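Shared chain: subunit A. Partners: subunit B in the first complex, subunit C in the second.
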Partner chain A sequence: MSKNNTATDKPGKTGKWTRRAFIGAGVVAGSALVVGVAVRQGNPIDRLSPLLAKGENERLLNAWVKVDADNIVTAVIPHVEMGQGVYTALAQMLADEMDADWNKVRILEAPADMQYVSDSIARDFLAPDLDVPAIFEPTVTGGILELAQAMGLQFTGGSYSVRATGQRAMRTAGAAAREMLVAAAASEWQVPAGEITTANSMILHAGSGKSEPFSKFALAAAEQSLPAKPTLKSPENYTIMGQPKARHDIPAKVDGSAVFGIDAQVPGMKYAAVRAAPVVGATIESMDASAAKTMPGVLQILNMGDFVAVVADGYWQAQQALNSIDAKYSKSEGDSLDQDALFARYATHLDEAGDDGGDMETETGDVAKGFASAAIKVEAEYKVPFLAHATMEPMNCTAWVRDGKCDVWSGHQAPVNARQAAADAAGLPFEDVTYHNAYLGGGFGRRSESDNITMATRIAKATGYPVKMIWSREEDTAQDHYRPSATSRFRGGLDKDGKAVSWDNIHTHLFDPKDAPTVPYYNIASHKIRKVDVPTQLRFGPWRSVDHSQHGFFIESFVDEMADAAGKDGYTFRRELLAGSPRHLKVLDTAAKMSGWGSALPEKHGRGIAFVPSFGSIVAQVAEVDMSGAKPKVKKVYVAADPGFVINPDGFTAQMESAIAYGLTAALYGEITLKDGKVQQSNFHDYPMLRINEMPEVEVALINGDHKHLGGGGEPGLPPIAPAVTNAIFAATGKRIRELPLSKHSFA
Partner chain B sequence: MIKLNVNGQSREVDVDPATPILWVVRENLEMPGTKFGCGIAQCGACTVHLDGKPIRSCSTPVSAAEGKSITTIEGIASEDGTLHKVQQAWIEAQVPQCGYCQSGQIMSATALLLKNPQPTDAQIDAAMAGNVCRCGMYNRIRTAIKAAAGIELTTVQETVA
Partner chain C sequence: MTTVRTFACLTVFLLAGCSADAAPGPVEQIIVREPGAAPVATAATAVAADGGSASALLAEGKAAFANCAACHTIEKGATNGAGPNLFGIVGKAAGAVTGFAYSDALKASGIIWTATNLDSYLADPAAKIPGTTMVAGAIAEPAKREAVITYLESATAN
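What follows is the complex of A and B.
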């Protein structure tokens, strides 16, 4: 998903891992005693301490937690907050294992530092004395691999934070810190560690009546060796995990004080407006900036080759001047391309692949035989368009390049990547770049790209003074990294009893996650899934739930078509396909039951069901749609979700609501189209958003199906909503929707 | 020089009178709580009050505010720091996710309750439909507005099996 893996000491994927790390060392840094876990030679704690523990007498217990003199426990969160509640959920995981007093827990986002991209931290916590072959034991292998993906890039996305960093690192860090504190107290009090208990950031010994706050032993704890495998709690002992704790980031988001990337303030800062060449790959051949030059406040007009920038005293002045500039662009390969031509290109590639071509993704059983002998055959083709992210905060970045140093301010899903992008653009070593991350005004995958960082740094390098670059909404819409448009074709076979026996799918593109087109949870005797790679012209970028966003629609629409061909309703048909998977069935049954599946509805109303496991979580949704008007009105959505164990029920529920709104916006309206190679949409009037009067009621049931294997929260609520709605439309009207968005279709 | 009253304080700014209020507030007066979203009055992120009425500050020139009172998100809490009842309800209902649109949402909601202390659902829709929330927290916004208005709520049950 992200490109620049800049960790320098990553062990190879195979072979013996040479341990360069060591554990547990206290160092004095300045006047504050800072203690932590050193994981590399050249102990990084003295370098990290000024970044993390700025106060007097603050003690850093390990890379993810510090305890200060007032007994405040600070969780250092190696992920960014974009509304998904990660600060709070991860802090809950650490604090619970540590037995910290939740009211005295503070949160600090980790700096964009290599320390936090090191998966060796994870290895040290999980299995410090093992080298690679031994690490790959079943109990920890998955965890380390997951963690390496998430932490290896200090990346926030892929619904990874809780299930990887939280489950594997934050909990372990909290438990380790607790054990070190207990060991220190046991040594001081001369009592067995087993007699010591902890609660609410206090260390207690019942026999002697002694009790002291964590802070009392924070220093001595640092002298203790780090436990290799600290004991984690069982769910019955959780006191903070599983509770709907209020989010730490919310108070600052109701009084205007939350600082987003666009709010960066740097003394002497100027403002830049930018316009990139409208066709990907084109450059500026010439431009007429004669009017812009005379406009008030304009300082510099820059032809950057691939984009024009106007720098002015204020952003509005810069944008007004930019609007007056007429630029001519070079010819590009994509100049003649429009949307129909692109879908025609997809069709050509799919036709060429035929029944057996393309790249095989998965194959089970004999699909050809299964299909040939099927009593009922079903075939369908589905299409989805490009989608922009349309984060509420338009892309922006503030940069300052001077004296061989560079400072950059923005909100980014992968701060280390942002720092590297700035270093590359400034022509400076990574160490000479400081990256300041702020809250993200929406991420959804868009802020995992670094194009804005690169552009702002290039502008700042050209000017020499600090510059805040802000994209107009028009630029944000037309220069996104899009969810690709795609086509998917299916052939399915049913036996005489209406049981699915074969599944044949071929689709365009495959990005991430690789399992998005697959249906291993559905019990179908033979299936075959293939892809063809087709150039898409526009830049691809991860868009909330990534490939699941289209495959959820493709798969669950086709399952519904098969159900209809079998003469069964969508719920019953899916129940049969999930027979033998009790955990999956429970989720499906819960959603159906909540919705009153099968009960009478008003005229021209319909219910549709969809079921998509993604990012480790299982989600079923039933949508109730009113088709009595000119366009579909989604009245209510019932959600059942099993992410293994829900760390913060209110936060997880909010993610389901949010994913439904995001996915429903796309299902109803979302469509980026091309004409002459250019994106035609520009702002919210032609790329519309769901609004409050269109928001369905959402009812959520949470299921804790497997506390040892957690799933994600930010994305899994999205893939089922489009097919739940289109299946409901079919139930209400008999009209099968095979292309999104719904605004393309007439329901009059 | 343009004379303004912002959050009860007299301010003077030396800007082109055509400059939208949004940029004057954010850049000249250094109050960044009011947000830029679309620039064409389509999303509501920039909503402030002009004499108590909600306006889209991205599309309203500062000249239109001369002699009138501007209220921004920074100006709705009491002087002692007590949050406005709408802000309190926003925390109680855990409304914001990314939070970027929330200044505008809260300014639209406070203006609604100023004019109509007991809004119906349809009136909430009408007053709030100009404010986009990409995180889709519309149901919580509705809940919070009703809570701030003291309207009885029918809460959606959340169950953990």
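What follows is the complex of A and C.
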């Protein structure tokens, strides 16, 4: 095997395909053949073609896998890499089903094209119970696919990649490709397909001793009819799934050769720095650019209505000139908004809703009766602040609009949306925009928004030459799409044995996922969950684990308060609530056992437990906190997680660890505040990140509880960390934390 | 000299088959100066002296290079992307850019990047150098290859 074509030993070689290049490779380099789920004349899913192939050349559809003359298997990944390891996990799923030689698997990110919209994501939204491989069910999928296209979903988020695209598309595509290769070999060798086996990208027939590489039959395979429902492996036959395969993207990130959005290089490119009106909805009334005009390197100064931009030869020059510009802003509705007023507004709305008002989200049993008959009643109110994403790579985008065409370079979680945003901003049809996606230096939901794409395209349209726009950290902090702040109130009832019998929750704001405030896994006879919508002018956006980030803290804090009122410890109390759900219990028990729950701890130390199922995965965490100093020191976190089946244990563990780093940052420090409508934080001095010496040791146990229903990995590790820590603080000090971040509280 | 353009209205509706809420252009645009002659532009002027068609070819090649720019830089000393920097590539030995992790196949190819070799490589990289890791960017149309190669030729020190 030649070393140069492997996925693992070829750092930085993830290809980026434009659609043209992609089709070109299939046509020009005649040796390369796309098999698997390519839709072409005469195959059984031809009916899908009219829905998908709008242009005459578009015969390659949902091509997830390619076999070329060198017997290299290329997995085409319709998701973006933002550090979550998705390239590797999805390629593992495809390669395993195909029986490909892992050392000869290459990875390509799919082009920003409608062909790669995540129909599997749309399916999960629309028909989550359907257990058919998405791309092979024309009737079911056709409609959904159309919808997905309309929604522009080639989206990476919601912890969807592995559980939806991987499970439904990559595995099916790999299995289909394998079956087609086998069928081609069977017909050439004149032996029954059932006697043929595959392994390591080879096709074997034991009886005749024949063996040939996949590539030998790639051409003939493409002529085979597409299996309607290819057989997927069961876990005992997995050889690549479940293995800690080395991450494809890591070598290039270590040696610095990985290309992120901010690294885009376009000949003749200039740089732009930008400053938006500080209050959402305000516009630039006037700007005094007299100093900026004389500053070195400056090419253009633009008042774009909602933001000011300076274009210069270099980024630093642009930013310096921008800093010298004095702008006057129009009045906005949001001008008066400040922090305390906002939470007061939440309180007013919640007061008005009272015990029965608000919009009902779920209701089971008779809460009023349950509450009336309760021997012990518990009430509490919790608050969490706005949070910024603070991606390590600041927001940026490079754009070039000329001659009726537009090229855009960035790192985006939804490349198709980015392409559409550029088309809108440039005033060009979608087809005339080429979107080049690169690695994302952190996404966390921030890079699912397209404001940066729109801004850069507008600037480039005005200048006519290519421009790389980079936001300063100050701009990044002050102009984010924030995780919403929220207030949540609870009333709970316990019977005389300390068993939870009623649960009433009302909270502000609900975004997504809709099940975030619900607790169906906890066996409580009656519960109702309500929300009130409170308008604020701030821009909201998804933030790692989305609404679970707030509700995980609310719910698991309140469960702990109920446990305390019942005179039980948090673990025992939750065990009772989970009785009858063995899969949930196993996760809870595993975390408790790992942590030595119940054993003695040093003085001023405490243990706290939290349990949050989210995005299809079940996660329990126990945090051990040392409260002997002036601020909490989280020493160790024990994690038990059951995502159904872990495709790459190394990658999944890393996701748990990074979710803890991200969630602990927010729990300890994260807070965006408003004064006169303006965000008051600007950079890492007032929006701090967790430091390396503050990172707890993390121990992760993985549980494969249901290989048929996979859960996500990117987000589920986050929601439990804040309540696990605050519950531990309570255990150590008796002080109940009902408002985040912890930096607001004094522990002296 | 500074040019100031002030636009009459905030919202400029663009009609070219796009959505009605096409993003607004600038309210005020102060052009302090046009970008200085980039290295590429200098080369373009030099070629233009030999006649109009050469410069048209060069312009076409420059535009076609957008397909390569996702992976390659061309300015002198610019960092390598997914592919090596291509400044001065014409006439150079294959695999000679320092700091780039080439495939063994390309390194061992012994090819000198003449226009002819570039032409066949760009037509079908994997056929020219089996095992090359340049997995995209092939150009089917011979005329377009010629244009790109002309553009590559222009990007040299002399």
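We adopt the following convention: the second predicted complex is superposed on the first by the 651 of 748 C-alpha atoms of A that agree within 3 Å, B and C clash if a C-alpha of one lies under 4 Å from a C-alpha of the other, contacts with A are read in each partner's own complex, and residues count from 1 in each chain.
Heads up, the rule we're going with is that a contact is a pair of C-beta atoms (placed from the backbone, for glycine too) under 8 Å apart; a residue touches a chain by one contact, two chains touch by 3 or more.
Values in this document were obtained by computation on a predicted structure and should not be read as measured data.
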Partner chain(s) touched by A:A347 [first = subunit B, second = subunit C, both, neither]: neither
Touching partner for A:P394 - first (subunit B), second (subunit C), both, neither: first
Contacts of A:L232 with subunit B and subunit C, given as first, second, both or neither: neither
Touching partner for A:D263 - first (subunit B), second (subunit C), both, neither: both
Partner chain(s) touched by A:A462 [first = subunit B, second = subunit C, both, neither]: second
Touching partner for A:A69 - first (subunit B), second (subunit C), both, neither: second
Touching partner for A:A289 - first (subunit B), second (subunit C), both, neither: second
Touching partner for A:A368 - first (subunit B), second (subunit C), both, neither: neither
Touching both subunit C and subunit B, counted on subunit A across the two superposed complexes: 257, 259, 263, 265
Residues of subunit A touching subunit C in the complex: 2-5, 10-18, 20-22, 24-25, 27-29, 31-32, 68-70, 74, 106, 108, 257, 259, 263, 265-268, 270, 283-284, 287, 289, 293, 298-305, 313, 400, 403, 407, 409, 423-429, 434, 436, 454, 457-458, 461-462, 465
Parts of subunit C lying in touch with subunit A, wherever the complex brings them together: 2, 10, 14, 16-19, 21-36, 38, 40-41, 62-63, 65-67, 69-71, 73-75, 78-82, 101, 103-105, 123-127, 130-131, 133, 135-140
Interfacial residue positions of subunit B with respect to subunit A in the complex: 15-16, 19-20, 23, 27-28, 30-40, 42-43, 45, 72-74, 77, 83, 87, 90-91, 94-103, 106, 124-125, 128-142, 156-161
Residues of subunit A that touch subunit B when the two form their complex: 82-85, 242, 246-247, 249-260, 262-263, 265, 271, 296, 314-317, 319, 390-394, 439-444, 470, 472-473, 586, 590, 646, 649-651, 653-654, 657-662, 664-665, 683-685, 689-693, 695, 697-704
